[in-house]
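Both complexes shown next keep chain A, but they swap its partner, so chain B is in the first and chain C is in the second.
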Partner chain A sequence: MAAPGRHVGHYIQRNGRFLLCNIEQVLGHRSFGWTPAVRQQAAEVNQELPESIVIPKKKTWSKEAVLEALSSTVGRDPTACPYMFQDDPFLTPRTSTEFRMFALSQESGRDAAKFFINSNPKFFTKDFAEPHIPCLMPKTVSLVLEEVSEEALKERINLRKVSAAVDMYDQLLQAGTAVSMETTHGLLDLICFYCDKDPAEEEEPQREDTDSDEPKPKGRIHRASDFIKLTWKENNNAERIFNLLPERDTRCYSALIRGMVKYRAPAKAYSMYTDMLNNRVTGDVHIFNTLISSVVHLRVNYEARWELVTELLYQMNQQKIRPNILTFNSVLQTLRRCGPIGKSLSLQTVSEMKALGIAPSLATYEHILCLFHKPVAQKQYGADILQEIVSELEGTSLTCQDPNDVLFFATAMRVCVDTKELELGYKVHSLTEFGENYKLQGVPYQRSTYYGRFFNLLCMMEHVDAVLKWYRRLIPSLFYPNVQGMMDLLQCLDTDNRLDLLPDIWKDIKTVGHENKSEVVEEVLQLMAREKHSPEVQESFATCALDVKNEFEVKRLLQWSNLSLSNVTIVLLRANKTQMAWEMLELFKSYNRVPSKEVLDAFLTVCHSDGTPQKAVELVQAAAALCLLQTPTLATRTLAEFDLTEEQRAILTELEAAGEPSD
Partner chain B sequence: MYRFLSRTVCAARNSSVIVYESCVLPAKCEKAAAPVFRVVNGGGVNTLSTSSVRFCEKKDDVVPSNQDEKTTAVKEDPPTETDQAKMAKQTEEPVVLMAEDGSTTQQQTDVKTEPVVEKPTEAAIDAAKSGKQHLLDLLVAMKVEVTSKKKFKGTTIKQNYESIKHPESKSEAMESTISMFQKATEAASPPSETLEPDLVAAASAAAATLPDSNRAQSVLLRQLRERKAITEAQKKGDMSKLGEIIADMKVGRQYSRQKPSASSQITFDDDERGYTRDRGITGELVGVRRRRNFFLAKRLNIFSPTTEDDAVQSTAAQPTLWDMEFANNLSQVTNQAPRNGFEEMIQWTKEGKMWQYPVDNEAGLEEEASVSFHEHIFLEKHLEEGFPHQGPVRHFMELVVAGLSRNPYLTVQQKKGHISWFRDYFQQKEEVLKEANADLN
Partner chain C sequence: MAASLSSAGTVRVLSTLARSSLLCSSSGSRGLHVTAACCKNRAARTRVGKGEKPLTYEQAFHPHHIGHCKGWLSQHTSNLKGEEGAAERTMEDVFIRKFMFGTFHGSLANEIVLKRRGNMLIVCALMIQKMSPLKFYFLIGYTETLLSHFYKCPVKLEVQTLQDKAVYKYI
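For the complex of A and B:
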């Protein structure tokens, strides 16, 4: 079989060459552009049997393709600060607060510039760019058309001037001009979306650009606070215009119902919906989506909620409306607040989705995880579900279909942390690293929550070397650890007995701005002072301890505590920095702190090994001056262990005796 | 509980091994031990391949595999697939063993135990009448009751077997597993702590001098046994102790790993479906199968299957303000700051601020692309009408056209406009030209 095939191949190849030569002669030099392709084709034919020649289609590259390819070779640089701050090394953020502040100020600067350009278009008429760049030119934000006409109304709707548009509509009605249905839809949408209020002026530039220009630091926060005060008012302009309409179609109802749900009038929305049914108008998918999401506010009882949801779904089916992903996500969101019945029903909902050919989005999975994962009982359940979700999603490029999609990764990591599933955690993380999936980690707050949990999991379960590897990769280029994260890391070092790394970690602590958090500092000191180490390590500890002392003394960010003073002293003593340790003893006095017995014992031991009895006596005297209870024992020990002069002996015996009556 | 059980099982097995090593006959002893092994095998030994240290286990393992053969021989009535599965399991274990010690000792032990296998099978076949049912009962009950041997009791050696029941023999048995095969010959003597008779006699004589003679004797004897156990342990040196510790550790590990599935294991054997629960592979698969159920729940059955035209209808509409805002919201939520310079350039490209790649020097000239070059260059045809065919005006216009054809900055439309401006101009000035006789028609 193979041999004849090869013969045929040879034959074709030879003929192909012959043919090519001929063609080349005919076409001359112009053919050079495509001959390699033809040759390749011939070679391919040689390998396979000559059934059909597939001419490859011309590939049209998108304009970003080259850049995307280049970008994939670079990726993220874990050793550098976030790219957005690279232009300004002075403003490289070191803490999450700084990050937020700098990112916001960068963004607000951009917005301010845009606002200035848009509001003063007359200064920005010159167009240098060739070809023309529309987004750099000022946009028209003020009204041009003054006369009363439908065109003017459309202009007002496009510029989102709510009150001006309503005025124009009223004037048109008074003049007796009929407004087309499409314009009316637009007007109702506009009024309902902004709840009959003009969108705030400074929001304008943000709203206008539909492109993905602005990095997200704004987003939700602005929006939430913006609309929090607005509620749907009885008989506002939307309702008034709606009632004036001669005929109402689905989109009019849709606009009103969505507006009512958005501005927290769910009962009204529901009655509007029944009104719509009575008028024999069919709904659309948006109406049902919003109504399902408002079920929680309409019914108190768990069972009743689910009944209403199923009723709505049945009506959808009756009206032949195809549900979309948002429909099911809002069903699941409702199920999250349906108590115990939610679990089994949620799985059925997902099966229904799959039966309808709707692929679940991350938000779907997030709802299910939240339904099944209980932090206290039945932890394994959540982990099993997550296991399955991850195995389903592995190696897929995710797209955002629902604003709640971005909550998934943080939730998934929480499940991993609660169940201590390290392997699963790694899998979730590799999912975020696949392709462009990192974009679904959401706003910086959610992202840092995610990474914080991931790091917490690592510290809990992973070996210290691996933890440190991740530590270098994640911090500070991806997130800034909080105090708890640092404590976790310290604990991890402690468990795996790598306390020699403490000085390095202390430097990092200073970098991320936790040097003024007392619990972190105390923990570092405690770990350094707890055990004896090799001389080199002790030396580095002592340097570190002096640095910590500097934080206390020079920058005065913290208050010395008994423990921290003792720990610093002990570390210094172990590194044979006796002189500095004596200075520390002075600090005890000046801050009215009491050195512990261990400190004094350590001092005596050092004095003994140095052979400086005078120091020992001074120490006992200092202890007496601080009115310590241990003074007599110290004195006894000194008397026993040291070579003392008569004079010193006398002092010590006196101190030893003086201590006793006071006991 | 389970841990204790498996430990006793271990002990029982080990001692029984010694027993049959020494005197090969006790077939019924094997019979009794076989179910026990099944339990240990099914649950515990499978995990052995994962347990890191197997100092003493590797010697034991040979025995279980052999024992298993026997049990399969006993169960001749179950469907053949059961047997096959079991065989597969058995073959797997020796392989693991081989990999781990790969030395000659393995060979030796194999050889040694080989003849032993024969006997129990013979004995087993006639015991097979109630054998299987009984085995299952045993498995389900998880009772390591050695009393079952009475069923098959045919011959002697009862005494030897008794020693297994003897609680004190357990620890001894554990220790002896380590050097079991080395001292296969010397193990022929009863391995228990039965002390030398003269020693016992001396002890009882000494006890007789004391008031409560019975109690004193037992105390003395116990003391002696303890001493003997200790000396033996020390004689074997640290390694044996290590072995002991490891054996203990291993038992613990088994416990933790098999706990979740211990019960299902037995049921699998019980319902004769022929599963062998190998924790390594099948165990995982079963776990996966169980988990799969989460998303295979029944559906709500609310929606009827969709038809194509529904989808077409929904896409027809123009995007509304709500849609735009929803898209905007999505893009804001997923919008991450660029991670490197190229990503920033991608962003700029999308905004139209950047020259597009691949570089094209006609970018931004899209409307000109449809205009061919000859329309730019050959402009004489526009002079055909409205201009004189000769004379100074014609001459002038030819110069204008030549200039225009060399001008790259104007569009064809602009060039045409330029020409038509002159046409209008000269038509307006027709009178003047005629007067000046410039029109040389």
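For the complex of A and C:
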């Protein structure tokens, strides 16, 4: 096949244009291949309509068309699943629960593999990687050295075996060997960091809720270490070893004080600190940082807290220790719990910080924002502070200097929502999109809080087209909306009169997993049934309503209520699906629900237009069977509007009469 | 089906190796390894049945169709001129196929395709939706880590799932 192709190529090259015109007519419907886009004639049309052949105009592309098409592929793809998952519809998570569960199961698979690798290292030691890749070699997790020596102690410290290290140290002391200061420091650090217990091996990292979709309360913690409520025990190994030491220097004190503060013994930490001062040992910056952050537990009164903080800072100055960013951030964190004096003092702190030449980090800004914008809608400061912060940070690459940096974006967005500043929200969002700043959005929970609030702001303030554009961009690639988010979206559609999009939104609701939430479903039905729309829209509403009915009936996810049944019936009637509407009436009876007045009126109107008086009479009888109050009015109306036979009239008059006395 | 096919292939390789080592052994130790032979007119060809045997596209075409209607299941550059390591790559491939077959037991819809790009090994697999996605992800994480540590190179899995095996024809 190759050889003849060459000849054809030559022929075409020589008689190019002439051939092309001929071939195009012959190869009518296979119009791709070697014709460039400029001469693309939509010859597909020829096949369909023999009556009217509409030949559209020639398509012309601008000079930058290719570049524009290429540029649309650069940047984040909003239709792609998150990169850590496999690109397959069955394996892509659709709700935030699924996201978490899939990520966790993948992680646990990796841990299982690491367990096998580390427990059978002999199969994995053959090293043919050039250069050597240390992270792909098995790690030694079991102890090698057994004799009583300092090397063995160091090994135990490296492998984080707390109790084994303490035993080894005791044995060394009994044997009389001196242990170097370095190793002792390491040992004390180890014991204080783990509060004298062996670190548990990766128990389920998130043992908490499976009741996921509700937004979690703000202060809730997620790590396993916080669930095991360790507290610093009296006279544990750390203190014992500390007291046995002949000379104690800064690092020993530092380890103990930090351990005590971490494990909820701030009073002891403070007394150890005064001990340290009495023994004339200088502190270091870490000691002061932890002490300042623990002031809240040491004093209750606001002024007393601030006094203690100033005292600590003064002593820090006396000992000539230079504060760092964490110092100032802990001061601000304490000021948050200092009541009304916190605001002015925080600004003074920031100016001190700038005077020392320390650049504020995101955690600093977050503390200030929280100080000036309490969650209880006080708006006296407007959003000026946030404006300033954002203009200062604009276009900068942010790095993480403090563990609390990740809370900044969620707080900033909360401020924007509270002050209803849309432009500011956009600016904050562009800050996250710059460079690598997205990494500072924190764990998935923080990220979903941030995006939830952002979407809330958009739904409140923006026109529905813009909202839908952002909706497509954010969901589901960046976050999975919760019930509040969906309700906001529905409200926005309502405000801007785009209720024709309801069936599409309903499909999305099902995808995200909110079809079992009664408030969402009720809201959707309510919006569909409220007004009369154009016929196509009513058709789509009817299909949607039938789908909702499916959710109730077949999947049994929810319980019918009066309102939902009535709304579905009304929608079906408006779309002229009369037969199904009659079936709905049966459902009313079986579920013991009462149809509303509009339903019955709508039924009567339909019967009138269809010309079925018998059905009308049946309807009134059904209403009487349900003991509805509207029975007499219905009967009157039927008598008036329809031409009935004698027996029908008799029945109706009876019902009319029967209704009245029971008023 | 996949296991039996590949084991027949290995067997053939092993028998050739055994014979060649027999020829060039000069140190005095003579071993005779005899394995079952798989002739070339039977390799990777499914025998015709009564019309009830389903075949995937891969199984329906015979080895001489490779390059015409079939692609290659294992893609690496060590068969080019001047490149080394073809035998090692083949052994790695055999191991990986057996490993995948055992780990995702019963879920493989078709043969594994192995691609080597630079340092990376990309394992493309077509799976049947037999397990829940959670179990799939557990096994995917496990396989990737284990194979990476074993072969000292990044191993990535690309999985696509189907409802059932894609039958091309019945024989």
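Going forward, the second predicted complex is superposed on the first by the 542 of 663 C-alpha atoms of A that agree within 3 Å, B and C clash if a C-alpha of one lies under 4 Å from a C-alpha of the other, contacts with A are read in each partner's own complex, and residues count from 1 in each chain.
What we mean here is this: a residue touches a chain if its C-beta (ideal position, glycine included) is under 8 Å from a C-beta of that chain, and two chains touch if they have at least 3 such contacts.
All figures in this text were calculated on a predicted structure; none of them were measured in a lab.
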Inset, instruction - Classify the contacts of A:Phe90 with the two partner chains as first (chain B alone), second (chain C alone), both, or neither. - result: second
Inset, instruction - Mind working out whether A:Val350 is in touch with chain B, chain C, both or neither, as first, second, both or neither? - result: first
Inset, instruction - Answer with first, second, both or neither: which of chain B and chain C does A:Pro246 touch in the superposed model? - result: neither
Legend entry - Touching partner for A:Pro138 - first (chain B), second (chain C), both, neither: second
Legend entry - Partner chain(s) touched by A:Phe102 [first = chain B, second = chain C, both, neither]: second
Inset, instruction - Examine A:Phe123 and indicate which partner it touches, taking first as chain B and second as chain C; both and neither are also allowed. - result: second
Inset, instruction - Decide which partner touches more residues of chain A, taking chain B and chain C as the two options. - result: B
Inset, instruction - May I ask you to decide whether A:Pro56 touches chain B, chain C, both, or neither, giving the answer as first, second, both or neither? - result: neither
Inset, instruction - Mind working out whether A:Val406 is in touch with chain B, chain C, both or neither, as first, second, both or neither? - result: first
Inset, instruction - Overlap the chain B and chain C contact sets on chain A and report the shared residues. - result: 133, 136
Legend entry - Residue numbers on chain C that touch chain A, as the complex places them: 129, 133-146, 148-150, 152-153, 157-161
Inset, instruction - Over in the complex, which chain A residues touch chain B? Could you list them? - result: 61, 63-68, 70-71, 74-77, 82-84, 103, 130-136, 185-186, 189-190, 193, 207, 210-216, 218-220, 251, 255, 258, 285-286, 310, 313-314, 316-317, 320-323, 344-345, 347-352, 354-357, 384-385, 387-388, 392, 400-403, 405-406, 438-443
Legend entry - Residues of chain A defined as touching chain C within the complex: 85-88, 90-91, 93, 98, 101-102, 105-110, 112-114, 116-117, 123-124, 127-129, 133, 136-138
Inset, instruction - Write out the stretch or stretches of chain B touching chain A in their complex. - result: 291-292, 294-306, 310-311, 314, 320-322, 324-325, 327-347, 349-353, 356-358, 363-365
